[in-house]
Structure formats: C-alpha cells, structure tokens
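Look for subunit A in each of the two complexes below; its partner is subunit B in the first and subunit C in the second.
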Partner chain A sequence: MTLTREAPPVVTKPPGPPKRRPRDGWANAIMVAPATVLYVVMLIVPVALALYLSLTDWDGFSANPAFVGAANYVDLLDDPELRRAALVTLLVAVAGTAGLNLLGLGFAVLVNGASRANTFFRIVLFYPHVLSALVVGFLWSAILGTNGAVNNLVTRWGGEVLPFLSDPTWATITMIAVLVWAGFGVNVVLYLAGLQAVPHSLVEAARIDGATRWQVFRNVTLPALGPSVTVNIVLSLVTLLKTYDLVVSLTAGGPAGQTQTVAYLILWNSFHDARLGFGSAQSVLLMLVTGALAFVVTKLRRRGELAVHQ
Partner chain B sequence: MRKPFLWATVAFMLIPLYVLTVNAFKGQQDILENPFGFGGLTLEPLGTALTNPQFNVFKGYAITLLFVVAVNVLSVLLAAPAAYVIARSPKRRFRVLMLFFLAGTFIPGQVLVIPVVYVLKTLGLMGTIRGFVLFETVLTLPFSIFLYAGYIATIPAVLDQAAAVDGAGRLRTFWRIVFPLMKPAVATMVILNTFSVWNDFVNPQIILGPGSGLYTVTTGVYAAVSQYSTDYTVVFPTLLLAIAPLLVFFVFMQRHIISGLTAGATKG
Partner chain C sequence: MRSPRPSLVPAALGCLLLLTGCGGGGFSDSEGSQAGQSEGGQVTVRMLVNITPNLTQAYWDGLVKPFEQANPGIDVKVEAPTGKGVADTLPQQLAAGNAPDVVETLMADETLAKQMLDLSDQPWAKDTPLAQEAALGGRIYTVGVGVQAQSLVFYNKSAFDKAGIDKPPATFEELEAAMGKLKAAGWLPLQTGGDFLTGLQLLQLTNPSRAQQYPTWHQDIKAGKLKAGESMLPYLERYQTWIDKGYVDKNALGLKYADAETAFLSGKSAMYVMGSWFTAAESKAEKDFEIGVFPAPVAKGQQYPGPQGATMAAPYMILKSTPNKDAAVKLVQWLVTDPEAVKSQLKQDGNFRTGVEREFTPLERQVQEILDAAPSGVPQGEGYGDATLPKGFGAAWNTEIQGLYVGKSPKEVAEGVDRWVDGRS
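Presenting the complex of A and B:
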C-alpha cells in the first residue's frame, strides 16, 4: 500500500443564506411567545368571555354567574332606554360623520400646499385631537353652560339664555358639534395625504382644457380621492359609534338621560347598576353593528368607485 | 376670501383655549361678569387647584407618566421581537400569527372592558397597577406588531445574514442590528401610545377604580370637576393643569405627533 499524500480538497462554501441552526427555532419561540400569551389572555379570552357573560346574570362580584340563556338579548330588544340610546348614537354617528368629512375634505383643499401659513393652519385645526375627550367635554360644558361664556355674550347683547346643554335636542346637536370641532383635524390630515396622491398632470390637463376650479374638484380630484373618502367615512363611523368620554363630561347623559349613547349605557348598566351580563349583551350588539356598518360602507363605496371607473 | 375664512376658523378653534387659560387666573365673580376680559387676574385659583385634596395634580402627573413609560417599554419589548420573527420567517405559522394579531385591531375597547374585569379578578390583578399596565400594553400590541412587521420588511435581510455569519444568534441579531434601525416606527408607536394612555379614561376608571386612590390625570380631573362643574374657579385651573403638559409636548413635536396620531387613527 502506498501512501499518497493528497492535499485535502479545499471546500469553499458557496455564499448564500447561512444554515438555520436548531437554536433559531427556540429563539423564534422566545421572541414570539410573551406577546402571544399576553394577547390571548387579555384580548382573545375576553372577547370569548364577552359572548359567554352576555348569556349570564353576572353582577361583577360573584364568582359563578348563573346562566340565563338569551334572556339578556330578549330584554335588550324591548328596552326603551336602549332604543333611545341607539337612536342618539346613530344620529351622532351619521351627522358627525357628515360633519367630520365635509369639514375635513373642505379644509384639506383649503390648506393644501406647502407654506408656513398652511402648516400653522393644520396645527391649529388638529390640536383638539391631542386633548382627552373628557377635558374637551368639561371645557365646552363650562363655555356653553347657562352661566358660560357664550350665554354671557348672548345676554349682554340682549338675548335669551340659550339652552345648549339643558334642552335634549339642543344638547344632542351641541354634542355632535363638539365632536366635529374636536375631531375634524384628523380628517383634514388624512384627506391631505389623499390629495398628494392625486396626479398633478390630470389637474393641469383639466385646467388647460378650461375647466373651472369646481369642475376640476368635482370631476378630477374627488374621483381620485375615492379610497381616502372610504377610509375617512369608515373611521368616522366606527369612532363615533363608540362615543363615551365626551358624553360623560359634556352632558353626563342628560338632560334626563336624553343624550345617553349606547357606549354610555353599556358602562352605566354594567358598573352603576351592576348588570355586567346585560352590559355584555349590549356590547356584543355594538360590536356587531359597528363591524357590519363598516363592512357595508366599504362595499357601497367600492361599488361606487367601480361605477366611476367604468 | 380663503385667508380671512381660515383666520376666522383659527379664532374659532383657539377661543376655547383662550377662555380656559384666561379664566384659570380669575375669581368666580370676574369669570361670570366678563369671561373674555382680563379683569382681576390672580394666581389664587391655580394655587387652590394645585393643592386640591380631591385630586393631587402632581401625583396625577407622576402616576400617569409612570403608566406611559411602563406601557411604552413593555409594548416595545413584547411587540418588536414578535414582529421581527413574523416579518423574517417564511414559515406559514408566523403568517397566520400575523393575521391573528391583526384581528385584534378590529375589536373595540368597549367590548373588552367588562370581560377584562373578569379576567383580572381571576388573576388577582384587579385594581392593581400591574393589571392596568398589562391590559393597556395588550391594547397596543396588535397595531404595534402590524406596524413593526411592515417596517422590518423594508430593512434588508442581508444585514441579519451578515450578523449570523459573524456568529450572532437570533436574539442578538435582532436587538443589536435590526432594532436600532427601527427608530422611526418605534417613535410613531411611542407617540401613539403616550397619547392613548395619557388620555384614557374608561380603563383607569374601571380597572383602578376610585377605591384604589390611584388617579391618572383624566380620572383625577373627573373626580375634581364633575361634582363642582358650576364652580369655575375649580373647573378652569384644573383643566388647564390637565392639558398643559400635553399641549407643550404637542407644540414642540407637532410634525411627528400629527403624523403619528394620524397613522394611529387609521387602525380603526
């Protein structure tokens, strides 16, 4: 046997993704597990629990709430308080969405374009969104109350005290107005982002063809804004359907419970009246309505957009 | 036409803030007689509000700030690594996990607040700071993970591979190489979480409860103002103290805050 000394073949690894080491599987698990566990325990389990609790008479204290079947849902169908709250909520959501989007789109067009003044306008329109709805409500209730700043002016100029918050109809309108005042700055910013996406060449071309400002807006800008409009409307609806903090601070649901929203009623029933089972049933209903409405609006808008493009 | 209209709108937006500020420095009589004037300015109501036994403002700031910091730190520690695995792993199970987290962005907080009381009671965390911070953190997770995963996907994977070749494990690669590059996304989330925790009213009111003696700025304002809503020498200074830190923060960081909060608004 002869020993031939051969040089060991030199193996060069081809450059490429390094082999996955078995440790990586463990590392992945360690990185994902804490977030997932907490998410399941405090968000997924509660959603399932909301469904279960809505079938019980839980009062918030007992460890073993009794199962009552669909009784809460039956109660809820002929609860006059809920019917009124649902009406108020729907009114707030629809009128508020109209207000938020008309002002949002209108002002976005007005403050579009980069200039120092426009930046200042945007900041001023946006700032109420930074404040908590609770503070906004207390502030406006101090300004619009019977002895508030506005009525001070009104009476000084010889008018009668205006019942901004003491008459049910006025109070509902006041609430919608304050929600719009506090929120439309966000819609302005969202619509501004949408306006950046409108092709400048289209606008130019329409201008050259002799279209007026309004015609350009109506026939070029608005159709191109389609997706923005959908996003804004859905967001406004979903947010307004959950109105709670502002009710607490602006009207406290009054006068005589006439401005209670569904969200307000849910928390009132649950924590003031200790009927958490009943409150759960209402919250499940609110979740379904919110989801369905968002879905329907998105569908309708999409159909509208398709019609525009054809 | 456009400019005068916009300036009139500016006035309409700012007058409430003006009324709030000027009346925080006036007595009840002066406020009732002339809510817009400067008559009889005094520091006394502000001093009274600062020492209100119903609501200790500085303690409120401290507690709220503690919550804000705790939720932000915990949220980043939990969401960022999870988002990294989801964004980088080709495995199907992590894509499903993304959808699972995404579903959370559609669940309204109102639906959660009742059953969460049940969960927290079962865990013995009801009425505790730990329970409140954990729940607020969980509320931030779905959108954080969504945002972070999207951002990580824009960071070249070559960087990770280079680190792996140099012998860094997955955890080290993430925290040392990828995480420092995520600053813009983390900044957006921190702004968003800071405002949502600072302004939250329902959750601290119900989870911490009046019995715990732990007042955030919002629940403290509620305790101090709601029963004395006709005593303007309480209302205006308390509200001014509640919003002053946020407004200062907003004025200095407005560009980032507006884009951050707008990104948050679209989470639905």
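Presenting the complex of A and C:
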C-alpha cells in the first residue's frame, strides 16, 4: 500500500500594504501642499486671528492692543443690542430657510421637465441670485420705500402709505421676503439636481401601482430627495445667519435698529465704533452658533433620512 | 499606518505665525507703508479720500494735477475706499501694513491721533479753519479746507407764501406755528428720513439752542457731569409732538437720505434741516420754486441767531508711519492753503471759508451770511478735538431717536442714549 500524502496547501501570505518608500511621502506632501496652504491661509489663519483679536481691546488703529482675556465675551452677555440682533438673525434664518426651501422645491418641481420653456424659466428664477445683494437692496427700497413705486401707486389711488420699510414688523418681513426672492434660485438648481437623480423606475412602479401624482411626490420623490433637502437647509441656514449686505442696502438696520442682524452689528462695532476686539468676539460667537446649528440640523436630517430608508 | 496628518500641524502653525507676523501692520510700529520712493527719485504719496456724488475719483485726480505739475518729483495716488467708506478702509489698510500717507474725511480723536502726524509745528496749520478747535490736548493733527455750516433750515419760499408765513421762524414756538400753517395749507411741514438723517437733523436743529444752555455740552458729557439723553429730553418731547401732529411724516424712516433730499427738492415738503453741502445739490436741481435758508431757531429768550453748528470741511491728516513725510506735508499744505485748490474744493462740495470769495449761488450767498452772522461755532454730532464723544455716538443717537417713530417715549429714548454713553465711557 502506498500511502500518499497530500501535499500541504501552499499558504501564501496575503499581500500587505505596499512598502512606503520615502520618496512617496515627499510626493504626497508636495501634492497636498497647495491645498493645505490654501486651507491654512484662507481658513485657519483668519479664524485664529479672530480668536486672538477677541481676547484684546484692539480698536483697529492702535499699535499695541492690550490683552483683556475674556472681557469681550463677558460684555457680550450683557449687550442688549446683540440680544436684539440675535433674535432678528434667528427669525431671518428660520423663516428665510423655510421660504427658500419651500419656494425652491416648489419651483424645481414645476420646471423639472426638459423643454425650452422650462429652460427659460430656470434662467429667470436663477437671475436674482446673480445680482449683487447691494443692488437688490437698493432696487427693492426704490420699489417699497415710503416714496417708492408701490406707495406712489397706492397713494395715487387714495390709499395710505404702506410702511414696508418704516415699521419694524413690516421691515423685518420685507427683508426676509427680499432675501428669499434673491436667493431661492440656488435652491431651485440644487433641488433640480436632486429631482433628476430620483430613479425613474421607482416613479414608474408607483404609477403602475395606481399612485396619484401627489402620492408619487409624497411617497417616492420627496423621500428620495432627502440628501438634497439636507444640503439645501444647511446651506440656507448658514447663509442667512450671516446676512449683512442686504441689511445695509435695504434697511440700514432700521427703523430704530430693529432689523440689525448679528453680522451687521459685528461690522458696525468693529469699524464704525472702532471696537475690533469686541467685534471679533461677536464673530467667534456667531461662528460657533452657526457651526452648532449646521451640525444639529445635519444630524437630525441624517436620522430622518435613515428612518426613511429603513 | 501612521497618519500623515500630525506632520501638517507644525507646518500650519508655522504658516500662521509667519502670516500673522507679516500681515499685522496694525500691531507694529514699523514704518510699513507701501508708499515710497520709486526708481528715479520719484516719490509717490498715497491719499485715501472719500468718494461721493460731488467728490468723484475724476474730481480728486484733477484737483491734485496742478500740485503734481508744480512738484515734478511727487506723484499723488488718489485712492478710493475699498470698504464702505474711509472709516472702514483705514483700519483694514493699517492691519494689512498698507496704510496710505494721507487720509481725508476723518478727524483725529484719541484713537486716531496716535497714528497721525502732529502738525502743530507747521506754521500754516494753525490758521486753517477750525484747526485750533479740533486740536487734541493743544496738538493739531487735522487741518481742513473750510467749514460746513450745520444748523440750517432750508425752506420752500412758495410754500411759505401760500401758507401765509411772512418771515422765517426764529424760535421753536414760531417754528411750530409755521408748521401748523404749512400743514393746514396741505404741505408736509418738515422733511426727514431714515438712514442717519433722523438723528443728524435733530442735532443740527438743536445745536444753537443747546449750545446756549450747555456751552460745553460735549466736554461735560465726556467728563460725566451731564447726561446726553437727559439734557436733550425737552427737545425729544417737542419732537414727539411733531410726529403726533403730522409735522413730520410718520413713515419717514422708509426714506433714504437721497430720497428725502429729492422729496424736498421736488416740492413735496416745505422745510429741510441740513448742512451747507445741500447747496451743491440745490444748485444742480431743476425746480420751479425758490429755496431760502434761515439759521436753526432757538428757545424763547435765547439769542438769535445762536451759535452755528460747524464742522471742518475736507479734513486731512498725515499718517505718522509715512516714509514720505516731507512730500505728504507739502501736499496737505497745498490742499488747505493754495487759493485755487481751496476754492475748487469749497465749490465742489458746497463749503465755506471766511475771507475766501468764490462764485456763489444766491443760496450759498445766504449761507455765507448766516456763517458770518453766527456769534460762534459749536461742534456737531460726536464733536471734535477735546470735545469728542465716544466713537459711534452719532449712530447710537440716531437709532434711539428713530425709536420715537416706533412707539418709544421720549424718556425711554433719553434713557437709551444715556445707557449707551455710560456703556462706552
């Protein structure tokens, strides 16, 4: 009898990560360097400078700003102007985000098909976003101001002047409306991109199952748009929290300072009142709040998207 | 595998330190201005100026041309603000280590003076308009071309005639009586607006009266001897009644400065409180009625005309950091003393200077007469020199005054002003 022994299987070592040669490290570093330098110069340096300045009493002119520790941050807590501006900013951000997204999604659905008319309307809808916010502000103040086009018509027809920009409540609503008018074109574009990525087979299947248009939109399109909604909400929120230029050109923060936003106040305190240290502390606070809000909204949206998928 | 990230941290910190060091012109005393001597011994003097509808870039370039021709070694580079105005742009340039040599528009206060050249040793400086009044601790940092009269009430002569007002009011009581008649005749008696106009006009209107009651108002507030809001309460109460009676438009805050000016020039209102620069706009406006001007009224029993609100027109300062001190001093001296340069600047922006005769419009002639008749000048707004209130007072005052239009009581407004001053003192 011949015993045959099976040859032991050849165990080959799984291929490990290729050995890094020193030359690779240098190549990587060189390739990453331009982006890193840009990131550091454009983001890290300004933020670090703002942080440093927020701990000083710099007035923008003096050669040697004094280190004041957390004094500027303590002053922030006791600043009635900041409290008022924070409320206005929050209102603008929340109402504006709702407006931008509702209009953005609504119009995106309307101009979603491929036709010449839709292409034309997409351009028209995006056009206000191309205009500078300063131009938009002056334009709307010429339309809605006390002696503006609308009020000229109203008074000519025997009506009373409408206080679009002279009453605090009206002025705040006007500002939000103009912000939405000027910005929703971007949301339309983003939602259009999302709509065009919705799998056609899902929509088709739902229709074959007898779903109405609304049911298709509610149960197929909208859930599939989850990531687009998240991006739109976060972008709108972050942009609106920094509203500045439209305030300058439309209301100049008035009437009676009632439409001043935090960003407007930061610029005003920093340059007009020569309190750059204090203004920097306000900027740091705004940056933290914006970051926190964006983080919370993203988390909540992701949770919602996951729930839909499950 | 070792993450490559940690190795980036020292690099980032290095860049940060390097950039902070390089970009922090505002933090160092180095003579870091970019202006300097170019090849061939040519000196470039950079001058940061205010650009307005009257004072355009083209105007400034043309203004300094004769100086450049007379001084072939000096090239003047006129720079417009890169920010909202000169006040925003200068700190940015200082921080970037890129400060100009000369700055127009701003006036020295305790903050700015540290960066500016002391011109007290220049024999020509002390004779320029308001130079002594604007001095800080006896040192002259700011010199100007002329004077802007501030407490003027421009009026529509046709409206006054139709309302049966035969002479301009001299007291607040007469002003109120005139406003009543104008209102009854269907006119909006007093033109005001939003922006910075609301607060500015009330200060302009009350300067002559307030200066007689509190001759050192700015200094007393600065020293904590007087409350700004409290001292202005009677005027705020009076103004509230004007809003209630419709003497000013209750929706005026929806008007920008330019809209308010246009409304008055197009005959929609009867009176407009403004500084002397309004004469430049008036001379260009097409209208079918005549405009007159009278000094702001005073309280009963006070001297009329009272002290006239006055500010320096076209103020210039030289930055201490300039590497071209001699050329910069020469330029500024020329700008504020050369007869042709002075006349040109006065005419361009509707300003005045005692002893300088230029071509006047009828309205400008009246303003010159008002200036000549005024017993003295009184600082306007935040003030100047040793009589300077905390930076931002004008804007804070304006915001509070607008509160009268949105439901705040005069007392609340006065308290708001005082709270602001206390917070900045």
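To be clear about the criterion, the second predicted complex is superposed on the first by the 267 of 310 C-alpha atoms of A that agree within 3 Å, B and C clash if a C-alpha of one lies under 4 Å from a C-alpha of the other, contacts with A are read in each partner's own complex, and residues count from 1 in each chain.
The rule we apply is simple: a residue touches a chain if its C-beta (ideal position, glycine included) is under 8 Å from a C-beta of that chain, and two chains touch if they have at least 3 such contacts.
Just so you know, these numbers come straight off a predicted model, no measurement behind them.
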When subunit B and subunit C are modelled together on subunit A, clash or fit: clash
Which of subunit B and subunit C A:254 touches, first, second, both or neither: second
Partner chain(s) touched by A:290 [first = subunit B, second = subunit C, both, neither]: first
Touched partner set for A:271, first subunit B, second subunit C, both or neither: both
Which of subunit B and subunit C A:133 touches, first, second, both or neither: first
Partner chain(s) touched by A:36 [first = subunit B, second = subunit C, both, neither]: both
Which superposed partner A:45 touches (first subunit B, second subunit C, both, neither): both
Touched partner set for A:179, first subunit B, second subunit C, both or neither: neither
Which of subunit B and subunit C A:28 touches, first, second, both or neither: both
More subunit A residues in contact - subunit B or subunit C: B
Which of subunit B and subunit C A:147 touches, first, second, both or neither: both
Overlap of the subunit B and subunit C footprints on subunit A, listed as residue numbers: 17, 28, 32, 36, 41, 44-45, 49, 58, 60, 141, 145, 147-148, 248, 252, 267, 271, 276
Touching residues on subunit A, where the partner in the complex is subunit C: 17, 25, 28-29, 32, 36-37, 40-41, 44-45, 48-49, 52, 58-65, 141, 144-148, 161, 163-168, 171, 248, 251-258, 267-268, 271-274, 276
In the complex with subunit A, residue positions of subunit B that touch it: 2-3, 5-6, 9-10, 13-14, 16-17, 19-20, 23, 32, 34-36, 77-79, 81-82, 84-86, 89, 94, 97, 101, 104, 106-119, 134-135, 137-139, 141-142, 145, 161, 164-165, 169-171, 174, 195, 198-202, 206, 217-218, 221-222, 225-226, 229-230, 232, 235-236, 239, 242-243, 246-247, 250, 254, 257-259, 261-262, 265-266, 268
Subunit C - residues contacting subunit A, complex: 1, 4, 7-8, 11-12, 15-16, 19-20, 26-29, 83-84, 87-88, 90-91, 94-95, 111-112, 114-115, 194-196, 249-256, 259, 262-263, 268, 391-392, 395, 399-400, 402-403, 405-406, 408
Residue ranges of subunit A in contact with subunit B within the complex: 17-18, 23-24, 27-28, 30-32, 34-36, 38-39, 41-47, 49-50, 53, 58, 60, 107, 110-111, 117, 120-135, 138-143, 145, 147-149, 152-153, 181, 186, 189-190, 193, 231, 234-235, 238, 242, 244-245, 248-249, 252, 263, 266-267, 270-271, 276, 279-280, 283-284, 286-287, 290-291, 294
